[in-house]
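Paired with subunit B in one complex and with subunit C in the other, subunit A is shared by the two complexes that follow.
Moving on to the complex of A and B:
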């Protein structure tokens, strides 16, 4: 019946992908819902703070009833889902306002930090990758690789602490926390000054891995036969690298970017916590720690959806460029899979 | 180009491991004793690396805490590597349907924010101690490697020598042990070493954020959880020294792991 309408193979595939995506998000929401309620601690603390200790048992029960925490887990989930479908995600226990407002405030900051970091990381990684591939195994390449190995071994949180120690405690050049000075309202230079340290940690933490990947991919490409042909025809080595090898490595670069996006945005968790930078990562940390269920659900779903979406994008990019990969996932059998 | 064996890394790592395991003669003080007369003392003759804000001797804590950090790293890596190899190879060998289910599951777990996964898993085990934290880190760290193992198993299964072995009548287990396992071994070893590394980082980061080991249980991570207050009192040794040991260990592990991965790029570049 369906086949009749969807004769177009691409359409079937699209519907298939969207279906898989929706199911993944739904299962993810169930998983997060259950997991968050497994965690210890009392959400009432998030709502009332220290006052909970002074409340009588009946008052606590009433408060739970009001927040809808008394019902069985499944009922709670269904209730949550019904509201969520209509765009109502409830209030944050900690901030006492609509979750969407809390998130909206944080998301701008995180996007600023993560987005700038993402652009910088991939621009620098491409540059470093090209540079190292061009100077393969020569001194410059070895030095860069060495620096990269050492830097990538420094845990992010310790790097943050070191930078804080050097630049805000000893030299007192840069502010140590927040996204803008209190009461300053956030002028551009002020925001930039607050962004420098977290941004450098985000960039330094991720840059080397991607630079290495690009370098290695280019080195594979450089060993292909077409390079020999192009050289034989008289093209300069530099031109072959920039024009031909780079183009060959571009697909992996793109799919790498897609996979890296949630990593980099999610990797701001620790950095935001150390620098008390008011973004999604800090919200996630707080909400997971203090059982701010509604906030936690939205934050987790947001990051989870991003991961799923980006993985899907990476797979589609790969399939579009190398159709063999698509064949394997659609009809995984027969000649592709001999074992 | 064959990679040089990382002698220095191996020696440093061995030294750190031995010194941490046999820490009792190394320690000049009791690492758990809080000498409240000497809080935030700078490194000096009596306290070689200084004291933290609770008056504990950092020099002794480094060795004592290193033991715990390394234990967590090793145990967690053992768990996650075993899980990853199991899931990855089953997924790579099994039918398309089981493969699909396993991989979807893996991706799903990957898309749950890691922090939430860790916190709620830890909740199931109750209060964090060395073993429960190892299990939690192990259980949350296997997904990426499982995917890699699966890809390698599928690729190996498609090679001609496996086909030849099967055509010659090799049974499943013969192919598995004679052809797949030896080829898989180097990359699994590499990933196992990297997992030790990641687990040590995870322990340190979790303890630092107050989600892992409590301050009373000395580890490199929990030592650093005092760092934020040390920033204000300008006590750099509380921040720098544990972190240096942490980073040094990670660097040695990385170098060893890279060596184990074996040498790639044997062919000559066509560019030059």
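Moving on to the complex of A and C:
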């Protein structure tokens, strides 16, 4: 079976895609590296804090020399790359420890919150979109649309505070902060209880935007000519929606979700702050704010890699769903229109 | 003598129907209106006609005179804003005017099918041709195994004159020419062996040669299956060549219906 799957064509495609992925990550690292150093501000502040002002110019230069910030940009980058390839991403100026350690503390929490949020948003939006498209312009659709519009307009921080007030202050059902109870050490039910509120905010804040997009994409498909033929076959309206329209709408939805991933992951920052949830959202913001170059590089590359991976997956899946997407892989006889 | 020849021509189904004396489709005083915010638009006014077993009826008229609405209102494929105001539709003597959507789903594809004007947009662009034909086969014969279904799809594709059926079945609509795509649509329409086929401007989007091929195909299929065809067209040549009878429409009214010779011997239709 594997032999059948791994024909030459597939192998070439795989190598091609891996190559593209590596090049994208490399270009991204160059961009982040250059841009972060072009931004105004002094990384010494991150390292020494207020003490910098009391240092003489020579001392400052020496400090820069020690941090490897005196060399030309290109040399700095090559040095960074050489170390990075071996898994050494340098130290964080702010926390004065290995970047990996700084990140390791929060990445699991953020990925858990963001990842779960992403999956939930993705699935619920699809479900809501399908439901609304199916009941288009009837009462259920209208009600859901109104509620959705209202919830998507509520600012995240306000919603967080509201939920905190209701569920942890008044009702005392759920914990108000952290990722696990102080002494408990993170048993599964405990972690889940701590996740409920932040997760609800992440999901509620984004859900309707995506549900509305898929609803409208589906309605576009519902109005297409082929639906008439599908209904002529004697398929029920629901089957036409699932089997025909969804298939047409899915590629654009998947692409949209692939781009949305960093947005949703990044959106966890506000939530992490309000709920004192130990994630890397805060790190990302602070590293950019205080020129903590090494930390910024790793955080950016992590999210960037995720986005590139998601886009790649979305494209591969889309080509399976709608063969017109794979412009180059189409064999003879296919006419794919391009500009 | 004439009668015998006609029966032989249209096959056994036709003969049976002649014996029983039933029309396959009867439309009586059908009026359909579109209710828009600006007001009511009368698309069909008091249309009556019958379709005999195994005959080809050409419905002619200018664009916008209600030909397509007539077909779609019989299949109940009109948008929500369109309503049947008055009238009755009978199939083989049974009234279906008040049928629910569920009941209509049972009839669509099995009792009547439809072929649309633009084959390139009528097929789902994201599904292979074989899958789309297979879907109809599955609806009609749910007991078929995957292999049997594939075999039936290949049969249908050969029936409508698509060669290399196995390979073609894996192709997508954008890989086909207009003529081939229309053949696929016809294959879908025929998959459940319907009694009535509505060809709604089925050849209008195609060039003259392909048009002739498709018409010939329809005639051939009529001989083989004995189905009746409602051929909607605005091309008098097409009607004269293929139809047994012709109905003329103008502004939502069906004002004249008769044998081909009768109609075309008179003055040219509008």
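In the analysis below, the second predicted complex is superposed on the first by the 196 of 339 C-alpha atoms of A that agree within 3 Å, B and C clash if a C-alpha of one lies under 4 Å from a C-alpha of the other, contacts with A are read in each partner's own complex, and residues count from 1 in each chain.
As a working rule, contacts are C-beta pairs under 8 Å (C-beta built on N, C-alpha and C of every residue); 3 or more make two chains touch, one makes a residue touch a chain.
Note that this is a predicted model, so its numbers are computed, not measured.
S.K.: Contacts for A:201 in the overlay, against subunit B (first) and subunit C (second): which applies, first, second, both or neither?
M.R.: It touches nothing on subunit B or subunit C.
S.K.: Counting touched residues of subunit A, say whether subunit B or subunit C comes out ahead.
M.R.: B
S.K.: One more residue to check, A:235. First (subunit B), second (subunit C), both or neither?
M.R.: second
S.K.: A:256 in the overlay: touching subunit B, subunit C, both, or neither? Say first, second, both or neither.
M.R.: neither
S.K.: Under the stated touch criterion, which partner chain does A:265 make contact with: subunit B (first), subunit C (second), both, or neither?
M.R.: neither
S.K.: Using the touch definition from the top, say if A:107 reaches subunit B (first), subunit C (second), both or neither.
M.R.: It touches nothing on subunit B or subunit C.
S.K.: First (subunit B), second (subunit C), both or neither: which does A:300 touch?
M.R.: first
S.K.: Have a look at where A:224 lands relative to subunit B and subunit C in the superposition and call it first, second, both or neither.
M.R.: In the superposed model, A:224 contacts both subunit B and subunit C.
S.K.: Using the superposition described at the top, list the residues of subunit A that contact subunit B and also contact subunit C.
M.R.: Shared contact residues on subunit A: 224-225, 228, 231, 237, 333, 336.
S.K.: Would you mind writing out the residues of subunit C in touch with subunit A in their complex?
M.R.: 75, 77, 101-102, 105-110, 113-114, 116, 118, 121-127, 135-136, 139, 171-172, 174-175, 185, 188-189, 192
S.K.: Spell out the part of subunit B that touches subunit A in their complex, as residue ranges.
M.R.: 1, 92-93, 96, 99-100, 104, 107-108, 110-117, 119-120, 123-124, 153-154, 157-158, 162-163, 166, 175, 197, 201, 204-205, 208-211, 224, 227-228, 231-232, 234, 236, 239-240, 243, 246-247, 250-251, 254-255, 258, 264-265, 267-272
S.K.: Using the touch definition up top, name the residues of subunit A that touch subunit B in the complex.
M.R.: Interface residues on the subunit A side: 24, 27-28, 31-32, 35-36, 38-40, 136-137, 149-150, 152-158, 161-162, 164-165, 169, 176, 216, 219, 222-225, 227-228, 231, 237, 240-241, 245, 266, 269-270, 273-274, 284-285, 288-289, 296, 299-300, 303-304, 307-308, 311, 332-333, 336-339.
S.K.: Can you list the residues on subunit A that touch subunit C in the complex?
M.R.: The touching residues are 224-226, 228-237, 243-244, 247-248, 321-324, 330, 333-336.
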